[in-house]
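Presented sequentially are two complexes of subunit A, the first with subunit B as partner and the second with subunit C.
Right, the complex of A and B next:
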């Protein structure tokens, strides 16, 4: 197994549990691949690790791999794959040769870079690199950051930059819409970060390092519009414009590598069949190395299981029947996960007008990163009203995620049918205001509102993941979904508990008429 | 494997304002050098790579391959799909030469060369 990310580790567990002898090589000092820098709660299905923070998913996988007797070699870069499944690994200061009956390449992907004037100045880097600096090494990548690309990777890194204390000057996208999930964009927008769509980076300026970024508007055919240049004062420009599989090892092994538009845009991939086997018999590849999918780690884990099951069957460790059943189960989950508005088949569809349920699409969410107040009425759960405390769910796109459904002990929240369906509130059930849904929604899109318990005021509970945590009685400002200040706000309580896993639920008192507007709290005088 | 098409540049070489833009950071190869190479008769990914060393540095083309292919494709007026890919070569990762060079078979201790 080459790569100890979710794909490699899950394949290793599957193969080892079937009785095969497995070695995993990873060039990093720690296992987990991308997972070990993912500090956020993952979206997805409850059966597939959703709601668990990425690094914890990595730890769980590693513990399972160790229990299954998998041998993991760290600081062990694979330098080449040769004929007859021979793998050359650097271990300590030696070149060591290994041979496997089968090889799975799960080496992940690298960030795509687009060259522009000044892109080789220090201060221009991949968003994933910045994430590694912050979350693995505790180093701030910069102070004033411009983020280029609004896909999920960009959006998630964007929030983490704010959490680490950077100023996020803007998020750009050349497309006319935000590329990632609206819920991830909304977390950034409500802190006051502007989204600039149909805008591209033209130049990085500075003397020996980035000091300014020049940006410009583009038209619907991505052609720059002259006269629309703007300069931004930034010291860091982060590129989050896609990932590209690290196909070198596959190419080295003689596997066919080619450009394909299977993922909705042209990218360089290793040719594989439905079992993840390449054109060289016995060499498989899976996870981000196989292709970039919207489902990320879940898809990597499932593909790892498919490849390993196929190998175990081919080698006689499990029966054809067992293998068929396991693979069918993985494929069904993959099918469910890959539905919805951000699926490959919908990717080119720039202008969807309705959700699967027939609700109008929130244009504001697509163009500005937050739902406009007048759009809320289009969605039953986002405009839900009830006596006393009750949830309001501002999750209005078809994305593959459902942990909210299981979080509520009172069963107030429904995600009926497919995992991509928009959650609903069951009006027959009474909310008790425990806040577990608020804290555990990976999109941080659930709020508790109480408009009736305090005369003339409302209590608004929001998920809060910034330090220092505000305290009860603290005064500050209530911000709306775009981050604009709306009114004074007073912190009534800040709840934390092990079940909330470090997402606090902050309840603030705001004038009643702002109950549907205020969605963020900014402490007086201090940092948010 | 998709087939490789060798096509000459569409039009004679004309300098462009951003010809000094670095495309391959590891080997410091510029856009202008790549464009000139196409006009000089180097037409596939591997031909340009061998002539200029773009894609032969630390990243082994992981970052720059697509970017220099885009330039070749534009000059030649064809799709990047038709240019072929960099042939992956060991070492896929940077490695000290002594790690490689120390790998000698001691014929006395190990006559069969295991």
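Right, the complex of A and C next:
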């Protein structure tokens, strides 16, 4: 196994649990690949690690690998794969040869770049680099940051910059719409960070380091529009413009690689069959290294299981029947996860106008990163009125996620049929205001609203993942979905619990007429 | 730079406080620096506000941390006399001597070679 990220580790666990002898090589000092820098709660379904933070998924995988007797070699870069499955590994300045009956390459992907004047200045970095510095090493990547690219990696890193205490000046995208999940964008937008779509970076300026960024609008054909330049004062520019699978080890091993646009952009990928096997028998690849279906760690884990099951069957460790059942289950989950408007097949498609349910698409969410108030009426779970406390769900795109349904002990929330369907509220069930749905929605798109318990006021509960945590009785300002101040707000309670896993539920009192507008709290005097 | 004044996250809303090694001393181009044992050299430099790790050979342009996972080689420096060391994945140790890299040389070597060129 080459690479101890989610793909390699899950394949290792699967193979070792089937009784095979497994060695994993990784060039890093610690295992986990990209997982240990991912501190957000994962999307998906509960049997696919939904609601669990990435680093915890990594810890769980490692514990299973250890229990299954997987041997992990760290600080062990694989330098080449040669004829007859010969693997050359550098271990403590020596070249060591290993041989495996089967090899799985799960070496991940690299961040891609777009060139612009000054892109090589210190202070221009990959968004993943900032994520590594903040979340693994506790070091601030910069103070005033511009983020270029609004795909999911960019949006996730954007929120993490705010959590680490950086100022996020803006999020740019050359496309006319936000590329990643609207719910990820909305978390950033409501703190007041502007989304600038149809905008690109022209130049990074500064003496030996980034001091300014020059940005410019582009038209629908990505041509810059003269006279639209703006300069932003920033010390850091982060690029989140995509990942590209690495193919070097596969080429070295003699596997066919080809140019393909199935990842949404032309990149070199390794040719594989449905079991992740390359054109060289016994050599497989999976995870970001293969990058075929939905990106991300959940899909990497499933692909690892598919490859390992196939190997275990070929080598006689499990029956064909067992293998078939396991692979079918993984493939069904992959199919479900890769559905919806963000699926690979829908990328680059003309904007859809309706959700799978037939609701109009929120244009504001796509263009500005938040839902406009007048659009809310299009979505039943976001706009119904009820007596007392009740959940309002502002999740309006078809994304593969459903833990809200399982979190509610009262069964107030429904996600019917496919996992990509938009949640609904069963109004015959009575919400008790426990806040578990608010804290555990990975998109942080559920709010509790109570318009009837305090005369002339409403209680609005929001998910809150910043420090310092506001306290009961604290005064501040209620911000709307775009981060604009709306009214005074008073903190009524701040709930935390192990079941909420570090997402606090903050309840604030706001004038009744702002109940549908206020979605964030900014403490008086302090930063948000 | 004194470790308490560095650009570090003291408490994180999700991760709490960070597990770090002991405070160690090292030098950057002869200047005294502080960092935590075991963290990447580049993390300690970033925390102290150091942006430039090296200058390119041909155009003499500054470069700093770019990928932070050992892929791009923009962060290479001379560490204990060994050039081309990727500082983003090399753990910091007590007493390390870190130097900015000019092409693949030290500043002194590079300046000497420039003078030799000018003399030609």
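Keep this in mind: the second predicted complex is superposed on the first by the 523 of 528 C-alpha atoms of A that agree within 3 Å, B and C clash if a C-alpha of one lies under 4 Å from a C-alpha of the other, contacts with A are read in each partner's own complex, and residues count from 1 in each chain.
Methods note: a residue touches a chain if its C-beta (ideal position, glycine included) is under 8 Å from a C-beta of that chain, and two chains touch if they have at least 3 such contacts.
Model, not experiment: these values are computed from the prediction.
In the superposition on chain A, A:243 makes contact with neither subunit B nor subunit C. Of the two partner chains placed by the overlay, neither subunit B nor subunit C lies in contact with A:12. In the superposition on chain A, A:276 makes contact with neither subunit B nor subunit C.
When the two complexes are overlaid on their common chain A, residue A:137 makes contact with subunit C while staying clear of subunit B.
In the superposition on chain A, A:502 makes contact with subunit C only, while subunit B stays out of contact range. When the two complexes are overlaid on their common chain A, residue A:252 makes contact with subunit B while staying clear of subunit C. When the shared chain is aligned, no partner comes close enough to touch A:462: not subunit B, not subunit C. After overlaying the two complexes on the shared chain, residue contacts for A:122 are found with subunit C alone; subunit B is out of touch. With both structures placed on the common chain, the touch criterion links A:161 to neither subunit B nor subunit C. Subunit A residues 27, 110, 120 lie at the interface with subunit B in one structure and with subunit C in the other.
Within the complex formed with subunit A, the subunit B residues making contact are 1-2, 18, 21-23, 25, 31, 59-67, 80-81, 85-93, 95-96, 98-100, 102-103.
Considering their complex, residues 27, 77-82, 88, 90, 93-95, 110, 112-117, 119-120, 244, 246-253, 256-259, 266, 268 of subunit A touch subunit B.
By the touch criterion stated above, subunit A contacts subunit C in their complex at residues 27-29, 39, 53, 110-111, 120-126, 128-130, 132-135, 137-141, 143, 163-165, 208-209, 465-467, 469, 502.
Chain contact summary for the complex, subunit C toward subunit A: residues 6-9, 11-15, 18, 20, 39-40, 43, 46-47, 51-53, 61-71, 74, 89, 91.
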